[in-house]
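Scrolling down, you'll hit the structures one after another.
The two complexes that follow have chain A in common; it is paired with chain B in the first and with chain C in the second.
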Partner chain A sequence: MKFKCEKELLEKTFSLARRATPNRSGTNPVLAGLYVELKKNKLVVLGSDLDLTIRIELTVGGEEDGKVVIPGALLSDIIRVLEEGQISFETKEDEIQINNGKSEFNLRTLPVDEFPKFEEPGGNEATINTKSLSNAFEQVVKAASMDDARPILTGVLLAAEEEGLRLVATDSYRMAIRDIPGTEILSRDELVLVPSRALDVVKRILNEDKELTVVLGEKEAVFKIGNINIVTRLIEGEFPNYKGLIPEKNKNKLIINREETLAALQRVKLLAREATPIRLSMTDKKIELLAIEQDIGQATETIDGNYSGEEITVAFNPDYLIDGLEVISTEEVSLETTDALKPAILKGLNEENFLYLLMPVRVS
Partner chain B sequence: MTTPILHVDMDAFFASVELLRHPELEGKPVVVGGSGSRGVVAAASYEARSYGIYSAMSSRRARRLCKDLVFISGDYEFYVEISERIMNILRRFTPLVEPLSLDEAFLDVGGVRRVHGEPKSIAHKIRNSIYEEEGLRCSVGASVNKFLAKLSSENAKPKVGPKGPIYGDGVFLLNESEIGTFLEPLAVNAMWGVGPKTHKKLNALGIETIGELGRVSEGSLVSSLGKATGQQLWRLARGIDDRNVLVDQEAKSIGHEETFSKDLIKREDVERELVRLVDSVVWRLRKSKKKCRTISLKVRYSDFSTFSRSHTSSEPTWSSSVLLEEAKRLLDDVDLNHGIRLLGVSVTNLDKNFVEQLRFSEDSYSDRENTEGVVELIRDRFGAASIGPASILGSSGIRVKRKGEQQWGPDHDSTVE
Partner chain C sequence: MRLVFARCTVDYEGRLTAHLPEATRLIMVKSDGCVAIHADGGAYKPLNWMNAPNKLVEEEGVWRVSNPKGEVLIITLHEIFSDFSHEMGIDPGLQKDGVEAHLQELLADDPSFLVEGLELIKREYPTDLGPVDLLCRTSKGETIAVEIKRRGEIDGVEQLTRYLDFLNRDPLIKPVRGIFAAQEIRPQAKVLAEDRGIQCVVIDYDEIRGVESNRLRLF
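Then we have the complex of A and B:
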């Protein structure tokens, strides 16, 4: 195999494909590599951990066809530090030579036959505009669980609702629900559970292109954006009944400025390390944030707001509250509560398409 | 400054404690440890030491050295109890007591001179009190800092004679003016921070004693040992150590491991041992009033290769069922075909802070923890073996694991029930 390509394009390609390579060396060491195949001027780069596969196609100056598996982390690090300009790749027996005229790296390659065969699953195909999607993914992906011990919650639920597509994610402490009216990629009442890790990758590249094609297969889904295909295994199992968790009515409603509250939280959080919650006390006269760190001290902050309801104090994990406030786009937000132990609802004022539910922290 | 730091080190602690319970063994060579073919010696009485037996030696070798050797399997809980009583005696002299392990502690007596006298006389008072109240002997080193105090207590230890211990007065005082001559002949691996690796590197540089180490330049130590170790050893070799005596050092991890008399191969056997290990770790976790976020599983295969995996969750817990589920999941990554010689479970990221992040779903950790809290109450009242998971029920009742049990290898070479 022999080809030439600009550094900038390769850097982007390899660092993206590398997102699919496993974090720790598992049973199949070849997966730590990126599969690179050249046919004429077409280069295909693949990274995969069997659950998630990222496939990128690009045009390069090809000289000699071939395929090879190159250690992914090293490859992407090398390309990143090379100077701007053309980089040439050439295989020499079981090594690949990377050269830009000044620097030369020779890397031992991995057994190409052991790299899993990649087959793109078929299924219903739908193309959607990515403008609203990018923001929607941003809003829900973070609420999904990172804990592999609860596989179902590491996914984002895609559900067909009457008005369009709905995305839901929860780690059982908070939940994000986003509606995208007018978008249809599922048939009615259909549900799929997509690993949030895959959507996080999709989210990263959505800004660059305008159209996203989604192919839903039986066990896999493909997200196609331009020359990039992201193939992910779907999560099997039943997503919790999230609808039953949304409180019908909340007695107390607080309206606050989003950015001011975020800034206040960041300040008070200096005295809420690790698991320490922040207490939010609300009366119709005063809204106050309080953090108490045993043996260290405490921080309080008064925030301007409009409150209607009974006098209560509810404690929250500040990070969960911040995560919610950060993904809302309106200037004013409302926080509705029932009592100190029931879920609270955070949403943008007059914003009906996004809901962020969070459970309080019990403080004795 | 004078010599305000004391290092108190119990003499052959586990073995001496056992001799108190078994006066008939007085004067005989006794070791605490696992007597089985895979056991190790955890502590040896001075009589046993005169045969050349020392702790960490394999039980098989110890038996070869002395065929009349008496083996006592460890009773960790009992040692903890005695240790706590000893630490409380120490705290009568100063609140600045830093326990290093069950049988060692540092004391800073610099501030209590008016009340209790000079360090040397405090050292003698401590020895007398511990002997009068608990019937146990200890050695005390007194010097200007922790490093020197610890080396000093070594000098205060009874000597191993052919017929048992030869006791001195059990106190060694190292004054500032004597530091140089004291350190000069000592082997470098007597120093805190010199493990086998560093020892080898130092030997390669031609350094065998602390005196020789003290004559090497700081720069060349740093270049061969790295900045942290190099600088630290350079300072220690000059008798410089500014670590304070730290009170209330909280445990950072709680764990148990067990060596089996026969390698485990079947997953169900491994799981049963996991149940016991988790059960015992949780018992100690609850006793320390802490919850954990991380659980680690350690496996040693029959070829001695060791493997470990851990899992951290966002929510602290002390529920044995939650932790057992996680331990079993970690076991999925373990290749069981090789035969497992040792299994260990430990928990870290310990937290005393009991705020509870509520969940949407009904099945919160707290429900399980409350149920298991009842189990704990029953055990406190009726004993550890009164109630437990069904899978650890053997022909002779519930086989509860407690720290110390089989820690130094199994006593019998029998198979698992």
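Then we have the complex of A and C:
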């Protein structure tokens, strides 16, 4: 195999494909590599951990067809540090030679026959404009759990609602719900649980100029954007009944400026290390943030806002509160509470399509 | 334990020089020789202190505390309000909540807190390198070695890696995968563990012992 390609294109391609290679060495070491196949001028790069597969096609200056598996982390790191310009690749027995200017690397390749064969799953296909989707993924993906002990919660629920598509993610401490009216990729009442890891990759490459095609199979889904295909195994199991968790009516409502509150939280959070919550005291006269770190000290800051309801202090995990505020796009946000132990609702003012449900932390 | 309430000034000479101006303070002299000067505020930290071993020399109106490192604490007593001692006996020591043994016991009772469907094969599974906290089996028949820590640091990952290397030489149980479980896992330890194919699980101690946690959940 022999080809040449610009560094910029290769760097993007390999670093993206590498996202699908497993962090763990596992039982199949060949998966730590990226599968690279050249046919004339078409290069296919593929990374996979068997749950997530990223396949990228690009046009290069091909000289000799072939296929090879190259250690993914090393390849990506090498390409990143090479000088700008053209990089050439040439296989020699069980090695691949990478040349760029004065630099030359010879890497041992992995057995290409051991790399799993992939067939893209078929299924219902729908094409979506990516304009609203990028923001929606941004708002929801972070609320999914990272803990593999409860696999259901590591996924983002895609649900068909009357007005369009709904995305839901929760780690049991907070939950993000985003509606995308007018988007239909599922049949009525259909539910699909997509690993948040896969949507995080999709989110990174969504481009407003391009369309996203989603293919939903029985056990797998494919997201196609331009020359990139992301294939993910779907999560099986029943997602929690999230609708029943949303309070119908909260008696206390605080309206605050999003950016000012975020800045105040970041300041006060300096005195809330590790699992220390931030207390939010609300009266009709004063809104105050307070962090107390035993043995170090405390930080308080008053913030401007309009509050209607009873005098109340509710404590939150500051990181979760910040995560929610960061993904809201309106200038002002509302925080609705019932009491210090029931879920609070955070949403953009007059923004009906996104809701962030956040459990308080119990404090004495 | 000797407690002295006195109006005093304190001068420390050692790694730096420090001076406490005249004020009323509590001077604690512990049976092991530690001396601490407290103000009427703060949870536990004295204004100044000298750790044992110390030598305390009491002179008229002046106490001189010195240690082998050459540090000296001079307490000048202007007025003594109270001076009494009390024999406290032997302290049983702090019994911390969530110690590893208790976590191990709780997780041995129900390993599914770590991964759904996980079942215990043996607690304290013996190896030549020492006992593995838990040896378990997944619902798919996969063997899992679990190392439990209160605080997950790189040392714990290294320890589990050594166990896994050893266990994976045993044809009867291999392949063996690792789970590193702790109440809190340092980011460096998590990166190292995942790089080595070890799954990290953060344990909610309150949840597994059935105590209501301060971290409230939606469901």
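Here, the second predicted complex is superposed on the first by the 361 of 364 C-alpha atoms of A that agree within 3 Å, B and C clash if a C-alpha of one lies under 4 Å from a C-alpha of the other, contacts with A are read in each partner's own complex, and residues count from 1 in each chain.
We take it that a residue touches a chain if its C-beta (ideal position, glycine included) is under 8 Å from a C-beta of that chain, and two chains touch if they have at least 3 such contacts.
The shown structure was predicted, so the numbers you read here are calculated from the model rather than taken from an experiment.
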**Q.** Three-chain arrangement built on chain A, chain B and chain C clash or fit
**A.** clash
(Q) On the A-aligned overlay, A:23 touches which partner chain: chain B = first, chain C = second, or both, or neither? (A) second
Q) Counting only touches as set out at the top, which of chain B and chain C does A:187 meet: first, second, both, neither? A) neither
Q: Look at A:350 in the shared chain and tell me whether it touches chain B only, chain C only, both, or neither; answer first, second, both or neither.
A: neither
Q) Where does A:173 make contact in the superposed view: on chain B (first), on chain C (second), on both, or on neither? A) both
Q) With the two structures laid over each other on chain A, which partner does A:295 touch: chain B (first), chain C (second), both, or neither? A) second
Q: Using the superposition on chain A described above, determine whether A:276 touches chain B (first), chain C (second), both, or neither.
A: first
Q | Listed stretches 111-119, 129-137 or 399-407 of chain B, narrowed to the one that overlaps chain C | A | 111-119
Q: Please write out, lowest number first, the residues of chain A touched by both chain B and chain C across the two complexes.
A: 147, 149, 170, 172-173, 175, 240, 245, 274-275, 294, 317, 341, 343, 357, 359-363
Q.
Looking at the complex, which residues from chain C come into contact with chain A?
A. 43-45, 113-116, 175, 184, 194-199, 201-202, 212-219
Q) Along chain A, where are the residues that touch chain B in the complex? A) 146-147, 149, 170-173, 175, 240, 245, 274-277, 294, 315, 317, 341, 343, 357, 359-364
Q) Which of the residues in chain B end up touching chain A in this complex? A) 311, 313-314, 316, 325-326, 329, 351, 353-361
(Q) Looking at the complex, which residues from chain A come into contact with chain C? (A) 23-27, 147-151, 170, 172-175, 240, 245, 274-275, 294-295, 317, 341, 343, 357, 359-363
